Amino acid sequence: MTQDKISLLLDDGRRLDGRELHEIRPITMKSSVLDRADGSCYLTWGNNKIICAVYGPRELHPKHLAKPDRAIVRVEYRLATFSVNERKSPAPRRREYELSKLIKESLDSVLFLEKFPNGTIDVYITVLDADGGTRCAALTAASIALADAGIPMKGFITGCAVGKVADKMVVDLSDVEDKDGQGDMPVAMNYNTGEITLLQCDGEFTTDEVKEGLSLAIRAIGEVYKMQKEAVLAKYTQIEESIDDLGEEEE
Amino acid sequence: MRSEAIVGVLEKQYVTKLLEKGKRSDGRNLLDCRPIQIIPNVIKKAEGSAMVKWGDTVILAGVKAQLGTPFPDTPNDGVITVNAEISPISSPTNESGPPGPRAVELARVVDRGIRESKIIPMKDPKLCVIPGKKVWILFIDVYILDDGGNLFDAAALGAMAALANTRLKRVVIDEDLEEVTLLDEKEPLPRKGSVASLTFAKIKDTIVYDPNLLEDRGKDARFSLAITDKGIVCSMQKGESGVFTEEEFVTLLDQSSSLVTPLLEKIEESSQFPEMNEMYHFDF
Amino acid sequence: MTQDKISLLLDDGRRLDGRELHEIRPITMKSSVLDRADGSCYLTWGNNKIICAVYGPRELHPKHLAKPDRAIVRVEYRLATFSVNERKSPAPRRREYELSKLIKESLDSVLFLEKFPNGTIDVYITVLDADGGTRCAALTAASIALADAGIPMKGFITGCAVGKVADKMVVDLSDVEDKDGQGDMPVAMNYNTGEITLLQCDGEFTTDEVKEGLSLAIRAIGEVYKMQKEAVLAKYTQIEESIDDLGEEEE
Amino acid sequence: MRSEAIVGVLEKQYVTKLLEKGKRSDGRNLLDCRPIQIIPNVIKKAEGSAMVKWGDTVILAGVKAQLGTPFPDTPNDGVITVNAEISPISSPTNESGPPGPRAVELARVVDRGIRESKIIPMKDPKLCVIPGKKVWILFIDVYILDDGGNLFDAAALGAMAALANTRLKRVVIDEDLEEVTLLDEKEPLPRKGSVASLTFAKIKDTIVYDPNLLEDRGKDARFSLAITDKGIVCSMQKGESGVFTEEEFVTLLDQSSSLVTPLLEKIEESSQFPEMNEMYHFDF
Amino acid sequence: MTQDKISLLLDDGRRLDGRELHEIRPITMKSSVLDRADGSCYLTWGNNKIICAVYGPRELHPKHLAKPDRAIVRVEYRLATFSVNERKSPAPRRREYELSKLIKESLDSVLFLEKFPNGTIDVYITVLDADGGTRCAALTAASIALADAGIPMKGFITGCAVGKVADKMVVDLSDVEDKDGQGDMPVAMNYNTGEITLLQCDGEFTTDEVKEGLSLAIRAIGEVYKMQKEAVLAKYTQIEESIDDLGEEEE
Amino acid sequence: MRSEAIVGVLEKQYVTKLLEKGKRSDGRNLLDCRPIQIIPNVIKKAEGSAMVKWGDTVILAGVKAQLGTPFPDTPNDGVITVNAEISPISSPTNESGPPGPRAVELARVVDRGIRESKIIPMKDPKLCVIPGKKVWILFIDVYILDDGGNLFDAAALGAMAALANTRLKRVVIDEDLEEVTLLDEKEPLPRKGSVASLTFAKIKDTIVYDPNLLEDRGKDARFSLAITDKGIVCSMQKGESGVFTEEEFVTLLDQSSSLVTPLLEKIEESSQFPEMNEMYHFDF
């Protein structure tokens, strides 16, 4: 195996940011953060900051793109110009096109698209601050925003990357671990059904390491999924409380 | 007529009728400003940043700095450039793609406010590192995240607050080789004063300050002006198909100095905490 | 106040090109200069040379952009590649997009757009030689071209910039006064009604200077408006003479 | 069929029937040229310019010069580049936007006529300032202002006349520093001879020189050739879906030398007054 | 006459690649090489390698571009990025737009477009390896691909360039002869009818040289046309043989 | 529903029903590969090239090399970049224009397979000619000529074979002047091992290797992985709206090593004849 360019593990076996090998960074999720969007989510994941807005199902224009038997999902994953080390041009790069496509395909699998013929569900994601693992964080945020928009779903998509650092498989790579480590492996899935909707890797892995990575990722996704569920429930609890308040006022 | 168009007409009738009675749809007086919150240094990867919540409008401004060559006609000046992204995130009617005329106008008006105010001394040796060869290029990008009306003032405030919180890497110059080294240590961007924007909307015969979304959509004309802490008008922009009279402009100019003060104060406040601070975070 | 970069006022108080502080440069206007356009105007203003063509009201394609209750106005303000100091790329810059928008909005206010539902009025302006004040000159030319196209108008839009040079407010800045002076303030209006349709500035002005500038601009616009009216009338006089000639011949 | 299409068909029938009788819609003989006027030096900001009124076609050509690096495969040559803008100003059927195939063909044909004629000596030290490092780049932009037919010849004439009136700033070279200084003094662009374009339209079985707008719209085929003052054919271009026979081309080649002479004379005439002259102004 | 930059003729009067002045390079043509296209042709001409695919006549989208009285022909001539000395960007250059237009116009003349109202015939040509004379080779290949698609034609378009090298008119310029010689003159025609559909030149020719070039080109085109006819017939022979085989099997 | 859509539905039903019975539309077993032919060095103007016929899919990959400046963050590395053109030549449903998401994904997956495998030693002095100043930039362009299914594996194989046959001009360095001269003599691109891609399609509940066109169009999900000759997985990519289970991925990983061997052998074979050879020519 090749060496890491810089030493990514401390003497005590912890990672540069003090995490254990299989530890996820702190995550916060908040839905309904935007007034204009039908659904929205603001998610922080370590130093990643991601905003997602969902519109739809709504009529698709131009009409010749519409599918008579189902809605289509359009996803735009973008990096803010200031979210990365070197200022990015506002025009999307090939990486952003690729990830938009993969995120769209992942979300497809949990949506009842046949319920909305000729329609579109539009998912706009902007990474405001990037620190590794943005596509997994984006998928996690998008699921919350879709639920927030009241769009019926078969389940949530939840993501978490794993990777290889100093010859060890670790969970949830940071930017520097991604860049200077030996490999990155983003995974996303419908945790409830075990259906994996996104799997990529680049780097150098043995097949055994890939298998270990998969199983670590699924465990981590389980943790994230719990938070995601709570974030969505929190909104309904809030609404219920508001309704309760309303009831009280009416009395 | 499409349903949105009808909604637009009804909305405008509603706003206009209220204003004829001297009332605004959100209960404010004609020259009242909505509550404003500036949250500085929210973006770790940016050299400076600020989120602005202005009423229910939300924008995020970030500054990235890069060493580059100056423009041939201003070899001793650093470079500043403003770009605005009216993201589809901010409203169901916005489309993605390259900036349209609305975003271009917004960016250019914010740009002129900052540039013409001369509050960033572009010839300062901290910005003009090697005259004619290497200067700092400051990219200010403003993302509109939630369009609740009055994007001009919110964007200008965000850009200004982001600059007020910008810190550049220290530069060591090797004069012989004409090469520079960037240190990890950072120091604040030089700045002389500050500037803020005031936007008025005219709806039929009434002029309101800080239009909310209903007023923004229903307005006949818009007038924005940027004023420095020295009381200097450094940029004006009348927009939209409606008209103003000379008297109306004179009145707005007279009202401007009292309206700009609280904005300038907010900018200074926000720049008191220049370090990245975990306490600061988005709170939608 | 800051100093001008170069001295823009001569010892006798006149400007570099010999003008008085409140003096407008020579202006010529000629309508019906193009055979293909529905209306046209060629205008020179100092060293500025501007050509404007108007088409319409005509049907708008694609139709989904049309407004069922009125015509729309589309304006394209462009700088010819050779009209400026450094050769400009033919692709429009942000400045050209902004000015196209502002010119369109100014013209909107004097057109009876509701008379032409689903239609478009297209105004194409090219600055062939630029020497300061092109947007005001462009608006002035566009009004003549619109009248030349026989499009009913509530009035004309007339423009003239003022500015600040050597701490004095002066009328109708030249290129060098714009670049090396202390501020530029373009104004355009319907002179008859006093309705101001365009007001911009950049530079450093006190509020009193802005007010002084406004009043200087309005006076200058009055002068330009007189010429504009004559240019339009000249065409009708010509037509009348032709009709008279026709009458005589018929006798 | 849309109404314009019907008009097109009727127009073509009209032109064709006239030509069958040997007549042209504007009364000219088949090889007659329309009146031509060249007005040089009309653009103050350009290094050279010319307005051409050719019948009721109006074009404006301008030359801008800029010092830049040569192409790697021709390090000792100045650079020339032609662009054509078929502006929406010139015709109701033109749309704005980046040049379409028609404008691209026009620009490239004008470009080849000038380039291949070698009338601008690109290796001349006045153009190749520091071999391999700094050369003059000449941008020739042709704006079509009123499309009255035969854009190819009008554009080529305008480009040539603009070059014949181009004056470049004098350059002082500091050999050690490999730096150059531009003086305010100007001197004429070096030039060896001139070149002009002849365009023929074939409508059914008749070939006309200098097609007017009706003929241009109704033509089946187009043939343009550029000929120098030495009688050298330096560019040819057959266009459109119609065809020519070998005999037809041979005839056109034989007719070309007498047709090109008056054009070459007009170019030389226009270059006699190289200074910017208030007397010269557009006269539409 | 100007000198060639490098000596392009050997002492024995032959050309650098050993050819006689009026000799065409070796040509191979093969139709039906692609399974997806309606018609196709792979053609090599010296070191040129060209692939052409034809689709249609098929319905034209968007419909407002369709002609109610005939089909339109759309041609895309492209250079592969690696087909030239310096890697070309995949975005088409102005040269590619011009040649696409000229090739389209040449093909128009031999197609019965009025038989297919509202339709389109799409011709895609990619030059995979370029060595001078690609437009003539492309037209030659396109005619074969059109025939291969079963599209009714009045005849074939066949091309061949001539040029001037060391003050002599020569046939079928190679890349180096084109670049370092005195002039290039591509010609294409319907050989059977004598209708010339493409004629260009750049360089320095007397009118007599142009005439000589035309007559040399026509003779060369005659040779290429013979091969072209054989290539198309070869396909039908193959089909006939297959049908014969089928017949035998059925017996 | 448009007719193509109906054909698509029927096609998918057909493929799915066959697979439910364990059969493929072309008679192969689930893990069988179609016949593959690599024809190297087909493009004279390219530094390296290979045509790949994979079943009835045809692609052409070419490598062009150019000396240029390295990226600032990897000053000692040569540069590699992959572009894919899904040409309209390859299928009636492809449109021309800039690469769409499908072509972008294809190019990036091929790129990652090569880049992450580290088989091209980018720091080798043959690639990093003058550290920080001049490096070879390798442009790998893959043209899809006939889309018979499984573009990912065919494109990856073509790119790899083109690299295996790439020869770069020898470079002579003048250290003082920091200038380089290119010689006519060529030498092979340094290379350490090779890499190949395996693509699986999942249709309903069945997974097949090397999908043909019907399977490709009807697939619910796709999974590609790139494996080096050392057995290292250097790239994976799951695509499309369908899903896989963990168990399915584990099974595919276990099957991968036996499937990749014949591909790696083909690459080595193709690199045995590095000279341009008249024997090699397209044979569609």
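Order as written gives the chain letters A, B, C, D, E and F; numbering starts at 1 within each chain.
In the analysis below, a contact is a pair of C-beta atoms (placed from the backbone, for glycine too) under 8 Å apart; a residue touches a chain by one contact, two chains touch by 3 or more.
Just so it is clear, the model here is predicted, and its values are computed rather than measured.
Colleague: What is the set of chains touching both subunit B and subunit C?
Modeller: none
Colleague: Per the centroid of Cα atoms for each chain, what is the distance between subunit B and subunit F, given in Å?
Modeller: The computed centroid separation for subunit B versus subunit F comes out at 47 Å.
Colleague: Whole-Å distance, subunit A centre to subunit D centre, using C-alpha means?
Modeller: Computed from C-alpha means, the inter-chain centre distance equals 58 Å.
Colleague: Just the number, please: Cα centre separation of subunit D and subunit E in whole Å.
Modeller: Chain centroid spacing, subunit D to subunit E, equals 29 Å.
Colleague: Please compute the C-alpha centroid of subunit E, do the same for subunit F, then give the distance between them in whole Å.
Modeller: 30
Colleague: Given the touch rule defined above, the chains close into a ring; going from subunit C first to subunit D, what order do they follow?
Modeller: Listed around the ring from subunit C, going to subunit D first: C, D, E, F, A, B.
Colleague: Residue numbers of subunit F touching subunit E in their complex, please.
Modeller: Residues 42-46, 49, 56, 58, 60, 62-64, 66, 83, 85, 87-92, 96, 98-99, 139, 141, 143, 145-148, 281-282, 284 of subunit F touch subunit E in their complex.
Colleague: Would you pull the subunit B residues touching subunit C in the complex into a rising list?
Modeller: 1, 101-102, 104-105, 107-108, 112, 115-116, 118, 223, 231-246, 249-250, 253-254, 256-257
Colleague: Contact residues on subunit A for subunit B in the complex?
Modeller: Checking each residue of subunit A against subunit B gives 30, 33-38, 40, 42, 44, 47, 49, 51-53, 55, 58, 76, 80-87, 90-91, 122, 124, 126, 128-131.
Colleague: Could you please specify the touching residues of subunit A with respect to subunit F in the complex?
Modeller: Subunit A residues touching subunit F: 2, 68-69, 94-95, 97-98, 100-102, 105, 108-109, 183, 185, 189-190, 194-207, 209-211, 214-215, 218.
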